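Sending over a structure as structure tokens; questions will come in a sec.
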């Protein structure tokens, strides 16, 4: 492990937003938007920053752009919080390459979903993790995202992976709380392994049940809300949890639910950030930004949520 | 369109094997094996060569290795048959990049499955094709592979795509003959559009029903068998079709059916080529080669098939 | 086996239409329509009649109505062709009960899809077939319909089932030709076992590849068309096959494709029969008949197909 | 509404176990076991009893046996708690018939999953509910069980259904907490509508988030445990919740997890009840009981759980 990893708490706790990638064009970062977005998120008191995940559209970005983003983010964050960099790739060699870039840029950890084209078995998946971890210069978080990768990290696989040196946690975006509780039962022997909830609607109950934190997309918009909810759940202040949870559900059923797209979450989030003046709403192919009618709905929802001035 | 495309018949017809990628290590081509494999395949009288498809493990290979492979293949084929290069990538920019490398190397066409991480809608998929085709230096074949990409090219999308200049055909690996017949009905107005069957077990009936050819993985092992079956089906010699089809089914239910892996096809194919002395059986992560017991079964099947001397 | 089964050819061959169930109300047969429909179908030269399948809406019909239908059909068919009766039920005891009613009414065989609520394993499915067959008074056809039952008869299960006395054939409605060819390879040792294609769009290629016939819903409308296609395929008259197959595809892409319903096939079929004056278009819950706009499209399609006078 | 419904609280709250159906043979109730099981469950302080659900193997039971069971249960419960009777059937008419039997026997409500053979659309599903409710003699609970029925009650459909007179609640067994939270948001205007959690592992967090209770299969074994957990969650005693939840997870990961069957839950539950001497472990087709090795594991798990004397 490199020196970077020294600053990574074990287990990592708190709100680690999966950052949106501000773009001007297909292969061009929105550099000014990126700076504003980072400062907006950090001002909310978050505990880390995760770039190049699903919310960051990583699979749609070129290798070059992913390197540029990693460098710019690390440079601007300047160690204020740990930076986690997504290295998911269908190619083993490319995952290692981007992990090395992340280390060079000063990131603290990397995050990996299973290779998502070929349907590996669980035995192969574990072997793949062993081989990969041996080549990685930074601690690794697993990323369970079966709806996009088709491949789940089965509970026994996670249990085995938690015993591999260098694997330090997991983000679960399955939305399956039964699976999450099974993980918690199986990981009791690994107190340093960080279990993070990837579905923000389930953050509260996950933390109440012992999760270490959450990777909440909505924290791009309203970082303080998720930090407050996390803190309330840690302190077991149930009536505060209830009030804040209602707000989280309001974001989920409004901003993420415009149109009948499977991609409504991503489009709504980028559109909202654009309406709020933080960064542009350009999406990488194969997606495109919301058009006027949908943008107007997002704008109305933001006002109702108090996230935008009512002028 | 570049000059390369002049040699590409419209519609492209015949057997275009999806070539296995011979490897020595994770990121090292088996150069000698590659040469032998190419000559073995071409000696069977095939009508084209498709590299960097699913059978070629493209998603598991580094960008560098994909470029090297493309160059070496084009150099050795030397225009004897058209070379088609897979450019499927979750990132638009990377697809264009590998297509340019293919053109530079002298390939005749490129092949593209939908971006396979984010769930695009059909409208977005069509727009993506329009944008991409505008940037491509070579004619494009679509590649329908829903079990791996999660996203199907719906029949109406293919019909619309057939009207885009530069899109010249489709390989359908869905295994769904009802879908295939629907495509045939919808593509009647596009006689230059090549419709190729991607499941070798369905080659005969597809060609009898009017398909232009097939992309048959088994043609790595026994290229002549698939060429003969294609010719028999074109000539409507039903009793020859029946005899050859029985052989194709025998390969399918033996070589591709060892073990209970979803990846048995790929592992069986590479193992068989290794047993036949043509190239090595190293597989890119996340897969690994067959072990001794499975290899012995493959060897026995090859002898029963007459593809290996019985010593 | 009862005396009825003497008239059942082994293997059963030809076109055995899955008859629509004409209804006046939720629990009332359209008796006059039923008579007309039976005569319309038999006039086409079909080789059997299958009632209480998916096309017959069996799972939506009461036990009482299923008994009444069975009696009326057998009485009217009067042995002109074999009658096959669907006995699929999630309850073993109820399947046996309806089979006994079928025998009493004079039917020649029964047809069974797997119990479709609980997810049985293949071992359990085979055991279930052994237990059930021991209680059945008539020969049994298996019915593979995985999209509705969630449970597939795996090829090895069918092979084992073909060895159970009393199981005499299978209707495959999976639409998966690769599966169908695998069955054909595995059933070579059982020449008396009838393999019937349940997807009419695949009838021609199935029969060319050795299938014994088809269970074609479109034969409710145009029985002669499917009989002619079956005969042409048996005689290997490929150009007649091609012409007739084009007509079959035209029915499929018009009559079965109105609206974006998963149930378009069933609604289109009943609506067309009603437009042709053969029987009513009432559907059992949870479906409802097409409304005026959709009915007008069906009417137009029927005219284009020459199945309805152009007045 | 009949007089029975007077005793049904609005909203219904608490633990309503989905009762196992004790059987001696395929079509024979284990009458003595049934009496013992009812008394065992009621002794745990439960708030209702739900018969003929998935845990009750209803789809595998004959109409006759379902009627007999309903009568015997109502007779023995004698109004001590409300009895809810499953009426799910693919046939509308049969659902009404069993509901009438339930009313005659003295049950307080009926429970219905969507018809599970044909894939209805949401509009058709809602219309079906309207038609059905008009014919039902008892209040209706919806039952969401998409893994078995293939058809989900979408949140908007539930919201609309909550406005239909006679529909008084819902049991959600999807295991999808995001869906559950969406329902809660949408049902705010319907305070009398009872929202019950069908996955016992999620009971605690559902009740903490405002659910009215749970339908917990484990309450066949250990009714007091689930009642205690429900009460602790209602009183927001988080440390008691934590302790009891750990026990619930222990049942889930032991008793329900023997073997690799999809049916392990049902087999484990019946086997455990048999080991505890409460009722027999006969399962209706297509399932069979655990054999000796699996039974020994269940026995060991029961001892570890303190649910069986350690002799």
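The letters A, B, C and D name the chains in turn, as written, and every chain counts its residues from 1.
Methods note: contacts are C-beta pairs under 8 Å (C-beta built on N, C-alpha and C of every residue); 3 or more make two chains touch, one makes a residue touch a chain.
Keep in mind that this is a model prediction, so the values were computed, not measured.
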item: Selected from C-D, A-D or A-B, interface repeating B-C by over half of its contact pairs; value: A-D
item: Gap in Å, rounded to a whole number, between the CA centres of subunit D and subunit C; value: 36
item: Between subunit C and subunit A, distance of the C-alpha-averaged centres to the nearest whole Å; value: 51
item: Two or more partner chains touched - positions in subunit B; value: none
item: Topology of the chain contact graph, where touching chains are joined (line, ring, star, complete, other); value: ring
item: Chains that touch, pairwise; value: A-B, A-D, B-C, C-D
item: Sites on subunit C touched by subunit D in the complex; value: 26-27, 54, 57, 59-63, 65, 90-94, 97, 114-121, 124-125, 127-128, 131-132, 148-150, 261-263, 266, 284-288
item: Subunit C - residues contacting subunit B, complex; value: 175-178, 181-182, 184-185, 199, 201-202, 205, 208-209, 236, 238, 245, 249-250, 252-253
